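In what comes next, chain A is part of two complexes: it sits with chain B in the first one and with chain C in the second one.
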Partner chain A sequence: MAKSSVKPISHPFLLLLVLIAHTAMMVLVVLSFGVDAEVIKLAAAVLSADLVGSVILQIIHREACTVDTVLLLITGMSTIYQSCFGGLEFDVKHFAFCMASFVMCQISYAVTRNPYRAEKLKPLWYTLFFILVFCILFLTGSRGIWIDLGFITIQPSEFVKPVFVLICASSIHTQLKKSEIAGFHFVPDNLMLLLCTVVIAGLQWWCRDLGSLPTFIAAAGCAMLLRFCYLREKVSLRLIVFLAACGVGVAIFAWKLAPGYVQERLHSDIWADMSSTGYQQVKALTAIAEGGWFGKGVGNGTLIHVAAARTDIVFSTICEEWGLFTGMMTVVLVLFLPGAILTVPPRSYYHSGLALGVAAVFIVQMALNIFGSCNLIPFTGVTIPFISQGGSSMLASGILAGFLKAAQAPVLTDRQTQKGGK
Partner chain B sequence: MAYRTSKRIQRVPSHELDISAPRSMRRAGTGTKLLLTAFSAALIYLAYVLVSQSAAYMTKSGKTTYGKVLDRKGDVLFDGTQPLSNYPWGQFADVGNFIGDTSGQMTNTIVARNSSLLANYSFSYGNDGTTVLETSLSHAANRAVYNAFGSKNGTAIAYNWQTGELLVCVSKPCVDITKGYADIDTMPSGSLLCKAFYPTVPGSTQKVSTLLAAYQYAGAETINALEYNCTGEWTNATGDVIKCHQSYGHGNQNLVTAFANSCNPYFAQLVQSDIVPLNDIINAYARMGYSVNDSPAESLEMNGIVIPPASTVLRDSHQFETQWGALGQGRTLVSPYQLMLWQGAIANGTGCAVQPGLLTAVTKSGGTKHSLQSHKLTDQMFSSAAAQSIQKVMTQNVQYNYGALQPYNCGVKSGTAQVNDNGRQYENSLLTGFSLDEQCPVAFCIMIEERESWDVSTGQIASVLLSTLKENL
Partner chain C sequence: MEVDLSPLFEQYPLLREAATAFAVIFVNFCALVILIAAARERRRGDHRWIKEGKGYMLSCGSECYTLGAAEILIGRHPCADIRFDDKEISRFHALLTLSNGKWHIEDIGAHNGVIVNGVRIQQRCRLHQNDVITIGKRHLTVIKGVI
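Take a look at the complex of A and B:
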């Protein structure tokens, strides 16, 4: 008989919470639009996804997991949001990608839940990384980021994120294996990580889309930090100062090398240029102001007519219709994903690397999206995981969520258990 | 332990995991906590910014209506809740270019500079049309002063030097915002500007500044003992002639009589004498906020209205330009607002003034009322000893020349400014001063443009100003 890590009531109880949340949102939708075919389709899709997803999870795992529950909750909310912006129309495509991201989460969990086994796949991750780089260089057209297959467009750079996180997490325990190159002692894996980071930076510069670069740099920085701290009880002040100095140096270097359009964004006054460069942000901020605490009402927003309303400025679109309070709560819910490892700490260096890498990617990406669209930092154009529309982003986020689940509910071989602590 | 096991793997239920993982491994949790904390803090800050700035966002994007601006007794000075044409003509004729409106025609007005504050919008209540901006202005006194100008143009500004409340601010000609801007092309020049906030040639009111500098660096005893002869004109070290407005001269003058007579040769000789080195005069001017010889000086600000700093040119105490500048002519420029501010610091005898402010409170959507009054002091502009000394001299001036102002326990200094406006030359009449009357503690500055001897005088307007303020405070 399998023994669950949580009491049997947890599963139905968590499912109930998810159902209550989604039902409450659907009530608001019904109050705004009445009962019609679209409402019924939306409600049926979201609520049945909750039920089916929960049942499948219980059959597979027999234990509740924060990541799964939060993922069900967020993807359902996301489907409701995206279906109601500016008027009700069930967004089948978005819903399908939500479900696909849920599946991707389970797949990536299966691949990475055993750190010993996953670590052995390191050559595969490097291979995948350079295949994706190849795709971006040669299949996306004229210095673009999209591969157009006719019936669907794919953004390979989104899939670089989970692969990069895997690379970041792969070599923490190899820090003692140093090689000597020209009289200097290096850890080869660290050099590889540095190389990958430089490749990404070069690639993004080449694609003229530096928006995601802070996300990769944050993940690489976190990975380097874990590597430097490997087996150290305390982090020395000297190391902290050294890393801080490196960070400042990189920032200054990036500042000097940033292309003109990036420098322009750093200094631009959106209110002085409301009709061109500041247009989206002005509209986004005004929409939040119009929405107030509780929104203008589901489907009553006008921001949807602005470009990227469902992706880059989706936070403002939610705030306009559902209110700042709901917008903030949604963001906090997404934060529960990286926060999951705080409840159950990772049991291996591999999983701790994965968890911190994903946390860095999710949090920096959300920061770029939300604070950028609200003019606190330069506006880039990245998505909020699971909330923004976009298939590639949704699938990549699902894969990243699977890593978190692996860190929270690892499967350890006997060898790993012995190495891990006991 | 009865874990669910396969042949190869063993799953460890989370509650049975050993959470005493190596410290270096647990740093992932620490890192995540730091990231989450930083992001959450930024999110809270974002919420604060969004809520506090939302009125500005709505205003800038033109999606808000505006509330009312009221005077100290509740009289309407601007109303954004209804068309201004609903008000009778003349309702805002005395405050149009000072309080302003939301038409966008005027930018340096109370409404334009505080449009976010006046916006009928709050994050919690939306556009509910209840915003009220209360001011310290006395509309009755303002109207009376405006009317006192008669056919003349000019400006008058007054504030309570004890509390900082701005009480009167008139600028003629003035746009009547109830009529709109259909006839903007035929409006008299200056209708859309409140002249109280723009530098102008101060004339002999500048002698107050020069005397303050002298008092600070040479001492009251030395300066009060100085005597010079005035024959109607005086030739300086470089051969240039400084003329006195009294062509036959004032004779032997001490400071009090020279100040009362506004004797140019006396003050020109004071500047050239080197009793007060020119550098000390420059330093004293700079402390008062002048831009001397194009040196940088900070602009002044009142409830968002920007007031350019005073400026002058002082290069050589023996040269005409410097002496003429120290007498308030030539390239010397001071706004009536700043002249009034100095009077506030003289009246209180400390050398630093309470900063003037018009807005006293705002009632936002939802009915919450916030006080906007602040009792901020300026920097020390001159010494208290100098302030007290000149206060006496100015008070004596009233006894000599302004009998009508004596009931208000006043001190004043008049001036005649020789203006060269793109080749057109004329004279403005100025009066700056203060009242020490406990019921009417006011510092003021009045300027009448192109005044002729038969026109209304600055003293008469001052009398109207003080009497109506005394009734309406």
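Take a look at the complex of A and C:
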């Protein structure tokens, strides 16, 4: 067999690029704050994380370096942003979660890189899903979404996202297994996906956390679309019209029965109600306008004093201090992650489903956050993956990035076949 | 050691914008190079795939079908990876799978069955170079592509 003529991508070269990018940002930080202990701590943490991350990747494996490199770049940028909002103070907690998300990415890659094995683990994903649902129902207090352990708070609904994406992915073999009940033929896997979607929608309704619902609906919708397009035998126009009609019906039903606070957001005019319901959005929009193309200066923002400046309206906070250029660049960089599936396409239906689910989650979350901040849609209060502060969100995003990596560099070994199955 | 450089920005307001532009340009430059690296990774991924799948292809007369994924559906359905508009071929007829560097074919409920080298297969069957798969009236030969 002829030797590959394509030279392997040099990890040290990519690391150098990430280092240069972070150094350029640190130069700006130094010019803004001068040189003091906090700046040195921040620079040392970010740059050493790049070095350590690269060495670890070099030792473990050299495949799918796009996802890893972009992840290192984004997490470093995120640490710099979060440490500089409203004044310099190295955000150790955020940095630790960034590193943890990188580790989670490698772990989830190891678990899902073999589509045959990951598919066999589906009962485990269902179990995990219902355990998390149980946690949200009974451990978060009165219709809340947080579990307070005293020293740390956990948001289990964030961890449902990667588990739900795992449930969304399916292989052709699974889709070919049909069951019959009362004369109806159906694929049990599709029925389970439908059940999980209904459960999560009901749960979000119950917890009054409907902001994340579009993310789940998007992931489930993409999974269903993939199944109907490729794997269903009898796709007809009638079926599509029926499904579309059902979707419209559910949307109207949800619109009419939405809780009061949702109705308020759907119908509110933020400019007419600047002091209460529109406060955050007005401040966020004003901050973007005040920041201009190059920002008011690192640490000079005022939006940081508004609630959720580091999480739900983080895009506006970045735009205010770093400028709209930097804000847009950050968005593009985060979009690089799901975009990675376009560079190296998945080689199995399972990984296609996985990658599509992750892309749906990332893109919808970003759209909800940014468009919500800009008053293009009602304010939902979801995070931008890897950029917003929040440990649960960061870890869940890391797990999702691992799925993308698995889709890029799969391992196609089937133990059953290896043992002698023909 | 503490050095305060902020008066610089106050004295030269354009310096802040220049510094921000410098940082943004550098980060964008890095992102661009990573994109180029990703494109190279795609080519490398293609080569890795050819190695993994032994470069096998299916030849049917003058047509040649590359096996670009670990699961290839053959059938009459518009969404099949290899589609034959032939009444004797079921909508979803056969499934080719790759595992452990070996290609296998299986009958996924075809009415007329799947025949490999003249024998109708009853279970998953491993494929070798020059094997002839008969699906309906079509004869598909497993060939090795050029790497």
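We take it that the second predicted complex is superposed on the first by the 379 of 422 C-alpha atoms of A that agree within 3 Å, B and C clash if a C-alpha of one lies under 4 Å from a C-alpha of the other, contacts with A are read in each partner's own complex, and residues count from 1 in each chain.
The definition used in the following text is that contacts are C-beta pairs under 8 Å (C-beta built on N, C-alpha and C of every residue); 3 or more make two chains touch, one makes a residue touch a chain.
Quantities reported herein were computed from a predicted structural model and do not represent experimental measurements.
Peer 1: Contact-wise, after the overlay, does A:V30 reach chain B, chain C, both or neither (first, second, both, neither)?
Peer 2: second
Peer 1: Where does A:V46 make contact in the superposed view: on chain B (first), on chain C (second), on both, or on neither?
Peer 2: neither
Peer 1: With both complexes superposed on chain A, which partner does A:V133 reach: first (chain B), second (chain C), both or neither?
Peer 2: The answer is neither, since A:V133 touches no partner chain.
Peer 1: With both complexes superposed on chain A, which partner does A:A289 reach: first (chain B), second (chain C), both or neither?
Peer 2: First partner only, chain B.
Peer 1: Identify the partner contact of A:C222: answer first if only chain B is touched, second if only chain C is, both if each is, neither if none is.
Peer 2: It touches chain B, and chain C stays clear.
Peer 1: Look at A:I363 in the shared chain and tell me whether it touches chain B only, chain C only, both, or neither; answer first, second, both or neither.
Peer 2: First partner only.
Peer 1: Contact-wise, after the overlay, does A:L88 reach chain B, chain C, both or neither (first, second, both, neither)?
Peer 2: After superposing on A, A:L88 lies clear of both chain B and chain C.
Peer 1: Between chain B and chain C, whom does A:W322 touch in the aligned arrangement: first, second, both, or neither?
Peer 2: second
Peer 1: Thinking of the overlay built on chain A, is A:L303 touched by chain B (first), by chain C (second), by both, or by neither?
Peer 2: A:L303 sits against neither chain B nor chain C.
Peer 1: So which bits of chain A does chain B touch that chain C touches too?
Peer 2: Shared contact residues on chain A: 1-2, 4-6, 229-231, 233, 235, 332, 344, 346-349, 408-410, 412-414, 417, 421-422.
Peer 1: Applying the document's contact rule, which stretches of chain A touch chain C when the two form their complex?
Peer 2: 1-2, 4-6, 8-9, 13-14, 17-18, 20-21, 24-25, 27-28, 30-37, 64-66, 69-70, 73, 77, 115-116, 171-173, 176, 229-231, 233, 235, 294-295, 297, 322-323, 325-326, 329, 332-333, 336, 340, 343-344, 346-349, 408-410, 412-414, 417-418, 421-422
Peer 1: Using the touch rule from the top, collect the residues of chain C that touch chain A in their complex.
Peer 2: For this pair, the touching residues of chain C are 1-6, 8-9, 15-17, 19-24, 26-28, 30-31, 33-35, 37-45, 47-49, 51-52, 55, 68-71, 73, 77, 79, 91-92, 95, 98-102, 104, 108-109, 123-126, 147.
Peer 1: Would you pull the chain B residues touching chain A in the complex into a rising list?
Peer 2: 2-4, 8-29, 31-33, 35-36, 39-40, 42-43, 45-47, 49-51, 53-55, 57-58, 60-61, 63, 121, 123-126
Peer 1: Quick check on the complex: what are the chain A residues that touch chain B?
Peer 2: Residues in contact with chain B: 1-6, 62-63, 114, 222, 225-226, 229-235, 271, 274, 282-283, 285-286, 288-290, 292-293, 324, 328, 331-332, 335, 338-339, 341-342, 344-349, 351-353, 355-356, 359-360, 363, 366-367, 370-371, 374, 376, 407-414, 417, 420-422.
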